[in-house]
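Note that the chains take the letters A, B, C and D in the order they are written out, and that residue 1 is the start of every chain.
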Amino acid sequence: MDIEKIRQDFPMLQGKTMQGKPLIYLDNGATTFKPKPVIDEIVAYLSDYTANAHRGDYDLSYVVDTKYEQVRADVAKLINAPNPKEIVFTYGATDSLNLIAEGYAKTHLGQGDEILICVAEHAANTLPWFKVAREVGAQVNYIDLDETGRVQMEVVKRAVNDHTKIIALAHVTNVLGHVLPVKEICDYAHERGIIVVIDGAQSVPHMPVDVQDLDMDFLVFSAHKMCGPTGVGVLYGKYDLLKETTPTRLGGGSNSRYNSCGVVSLKNPPEKFEAGTPNIEGVVGLGAAVRYLMAIGMDQIAAYEEELRAYAVKRMQEVDLVEIYNADAKMGPIAFNIKNVFSQDAASLFNKYGIAVRAGQHCAKILDEYLKVSTTVRASFYFYNTKEEIDAFVEVCKKGDDFLDAFF
Amino acid sequence: MPSFDDPMLMREVIMDHYQYPRNHELVQDDARYEQVNMNSSTCIDNIDVQAYIDQDTIQDIRFDGEACAICTASTSIMTELLKGKSVEEAKAIIDQYMNMIYERPYDPEVLDEAIVFKNTHKQANRIKCATLGWNAMKKIINHETGGDEDD
Amino acid sequence: MDIEKIRQDFPMLQGKTMQGKPLIYLDNGATTFKPKPVIDEIVAYLSDYTANAHRGDYDLSYVVDTKYEQVRADVAKLINAPNPKEIVFTYGATDSLNLIAEGYAKTHLGQGDEILICVAEHAANTLPWFKVAREVGAQVNYIDLDETGRVQMEVVKRAVNDHTKIIALAHVTNVLGHVLPVKEICDYAHERGIIVVIDGAQSVPHMPVDVQDLDMDFLVFSAHKMCGPTGVGVLYGKYDLLKETTPTRLGGGSNSRYNSCGVVSLKNPPEKFEAGTPNIEGVVGLGAAVRYLMAIGMDQIAAYEEELRAYAVKRMQEVDLVEIYNADAKMGPIAFNIKNVFSQDAASLFNKYGIAVRAGQHCAKILDEYLKVSTTVRASFYFYNTKEEIDAFVEVCKKGDDFLDAFF
Amino acid sequence: MPSFDDPMLMREVIMDHYQYPRNHELVQDDARYEQVNMNSSTCIDNIDVQAYIDQDTIQDIRFDGEACAICTASTSIMTELLKGKSVEEAKAIIDQYMNMIYERPYDPEVLDEAIVFKNTHKQANRIKCATLGWNAMKKIINHETGGDEDD
């Protein structure tokens, strides 16, 4: 993996500055930069083959259809889905999770049933469950984290009970970054007829994810966190489950026919979920992103990021001022604080030196009940980051005491 | 096999089957027939196809619905061509037809009149139309008549 | 308005061909071409200022926030909304209509209430109402069209009754193209406490629409039908109504806080509807489209398109083979058939000559119950079309008899 | 008006108000106070501000919550500056403060210590923090304490 060559593919990595300093982007958990092939594909749709999808009465629209459906096959290959029809295009991970909650859980759960999540989940994997639970009389309960912030298999086993119908967890959480034992959880859950929903927003971009091997029932992720455009995401579901899932949007393209008496017949998955004009340039951009990542190799990406993260942790641990909350996680972001500096003030200091990191609760607003610290700074990497960037970042960590510098 | 290299002739065959579609009436309440509705997501053809298969032989095929010339003619030709064939023969002919449509090597011998559709790829958006009835028959043969959607 | 100069702005109008013939695109009702400023803005987001929105801890994300919020102001200006906070970004007109149905109608309608639509409505303005009506025990009823396909004010008055709670109609329908008397309908409805939902998917792109003057309660439209990108749309709603509307998606960005007991407090509109990472390049692209259209002038666009349509109708009426179903509409597409030719076969013939038109039911699948013809060909124009293109189109209309030509 | 052209001095003022925020305790169950919660959508500051206004004069201001240095210090300075002022005076001072923050012409005279925030525009993403408490006060003065969201 030639990082310097890879960096050449990203316009955002070509001489951009922030506060007059070379930009160092360590907020990849929020969104990632886009390589040229992705931008080019989007521009191609906008400039060379603009037409609506699924309406093919002329060659141009046939081209759009073909490209659009090809992306389903590309995504299926990325996650090793047996059937491209199990790939539903949504508007993002949030949209996908809401679709599972509204379209599946709401029609399959009832009074007294239980949904298990954990406190490290992103708001998108929490709030839709609260809502559905309230509406059907079910309960949202929590699987405890161990002292390092992990979901341990034994704890899952203890948490599961006769009422449990759905387990919804992040493959890698967006703050703590531990890798969930998905396969073991699915094995255990399936023996008990429990459906497993995996939030792959922070895993699919960073490591190989094989839905057949792991055997989850649903998997969601967003294109924009994996070199693709915003406004497009994926819902993977086992085909039989997708068939049982009700769409959350109705409109053109999702119904095969209806009459004025309100008798509607819906199409099969995935079409039934894709009502209205989809994000076409988003989907073709996602396709380009998937092909780009696969050309580098998800294994390679995972190995390099692991090395990068370990390096960053080691360097940061040399700085007394820094407190890391998840030093031993293999993947994902580093959650930390500069001692005695409010996270947002710290973020400003980094900003002053051209470094983009995030402060706050990172949409995992109930995590404070576990971490006992209400906000953190989060540095999150992608395969285009370098050790040199981390060195520069660590230098700023050392300046923590002077955080008001940023203000003058 | 008739020789259809003359576009005029090919056009006449299509027009004839479009204007006078064969086997173009569904049977009612006859449990011996399997039926499938084909309603394309990318075109507006909407046809029902019925077939009565017995003793491994296709005894009868029928269709009806609202469809364009290409869909109507190709389905009409299909019904004539496959009626009386064994299930195995029918499968082989369908395969050859698909090969022709998708520009793979194919055996024109078994396709008879159906080869008038050999230029379909030039209007790629019509592939759906030219295969709808054929895919319906495939579904019936494979007993996949559940879904309400073609593919 | 210098059409030749305007055409220079559109890459899709620069020497593209279809079946070896110069491309003539008359499917603008489905989606429109994108001018350079829109493409450039999207590329700028992807290349020069990539970051997530609403997460601003560094300058780059602040830039994104600022640009994103600026588009709300731009859109508000386009439709003369009093307050940019009344502009909600959705994923399209379909998404917007589903949001009104789920988020407003479902919580405000009950047993025996009535929703009035008409048979010319798009599936997106029909199916969500069927669903909500079924769920709350309300009724969807129809306002009859007159013999020319219009919704007449008198008929609306006759249709409205004590049970009517919502009237949902297209400003301009996507098949018939008549302009709805929105202002009169709103006046009449509001006296009776009825909420008016206007589907502006085919009006906002083509003519000035002033929400204060017309006084509708909700207005929806899609960016991609007005020179903008796909996957982004607008829901305008009067602020008080938006406050009463429940979001259909929950996740990051839409809640201000929650705890593990499921107590959630939502933000105010528009944020509460925009959960998850939005279609950021879609929104900034929409902003560029709005500014582009306003620079030309919506009045100018409307006047030119009206002239173009009248010219096309006149020329088509000279061809005996052509049957037009909405010759006297001022705006919108021309719905027609070539006598004795199935619409899809006709579309292929046009395709052979490089002309993109659509065949079918145009997602208004219950219109056949009115038009007595189940499918039509639809030619729809935009301000970059020319009389020369229409001349070429009319020449192909004359060839209708030879429709199988396309096949050889 | 103190002279704060020296960054060291400005920093000290901010640090002092951050470490020892003034009026930093809410009153409980005192109906004379109006209260507003400010919870920013783009930053993580979350503060409650209370004010007791009587006879057109701001008798007392208090705040509490979890917030960054900029937000805490600017709110603390605000409470000191506006306490005892008439509603009209307070409004005028808030306007001048906003002018300063948004780089419009402003009158430094009335801002006193608050002018330590004059460089906020250099870190545009901190404008939210530096105005959160001030906007809270504006809401209370205008009796717009309903929503749970700042703007």
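We take it that a contact is a pair of C-beta atoms (placed from the backbone, for glycine too) under 8 Å apart; a residue touches a chain by one contact, two chains touch by 3 or more.
The shown structure was predicted, so the numbers you read here are calculated from the model rather than taken from an experiment.
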Could you run down the chains that neighbour subunit A and subunit B together?
C
Farthest chain from subunit A by C-alpha centroid distance is chain B
Expressed in whole Å, how far the mean CA point of subunit A lies from that of subunit C is 31
In angstrom, rounded to a whole number, how far apart do the mean CA points of subunit B and subunit D lie?
76
Counting only Cα atoms for the centres, state how far subunit C is from subunit D in Å.
45
Per the C-alpha centroid definition, the whole-Å distance linking subunit A and subunit D comes out as 37
Among the residues of subunit C, which ones contact at least 2 other chains?
55, 57-59, 61, 253, 257, 344, 348, 351, 359-360
In subunit B, residues with contacts to at least two other chains:
43, 123, 125
Following the definition at the start, I'd like every touching pair of chains, please.
A-B, A-C, A-D, B-C, C-D
For subunit A, which residues are in contact with subunit C within the complex?
11-12, 16, 18-19, 23, 25, 27, 30-34, 38-39, 42-43, 46-48, 50-52, 55, 57-61, 91-95, 97-98, 102, 119, 122-124, 126-128, 130-131, 133-134, 140, 142, 222, 224, 229-232, 248-253, 255, 257-260, 262, 264, 275-282, 344, 347-348, 350-351, 355-360, 363, 365-366, 369
Contact residues on subunit D for subunit C in the complex?
39, 41-43, 46, 123-125, 128, 147-149, 151
Using the touch rule from the top, collect the residues of subunit A that touch subunit D in their complex.
342-345, 348, 351-352, 359-361, 374-375, 403-404, 406-408
Okay, in this complex, where on subunit D does subunit A touch?
7, 10-11, 14-15, 43-45, 66-70, 119-120, 122-123, 125-126, 129
Residue set of subunit A touching subunit B in the complex reads 54-59, 61-62, 65, 253, 256-257, 265, 267-268, 271
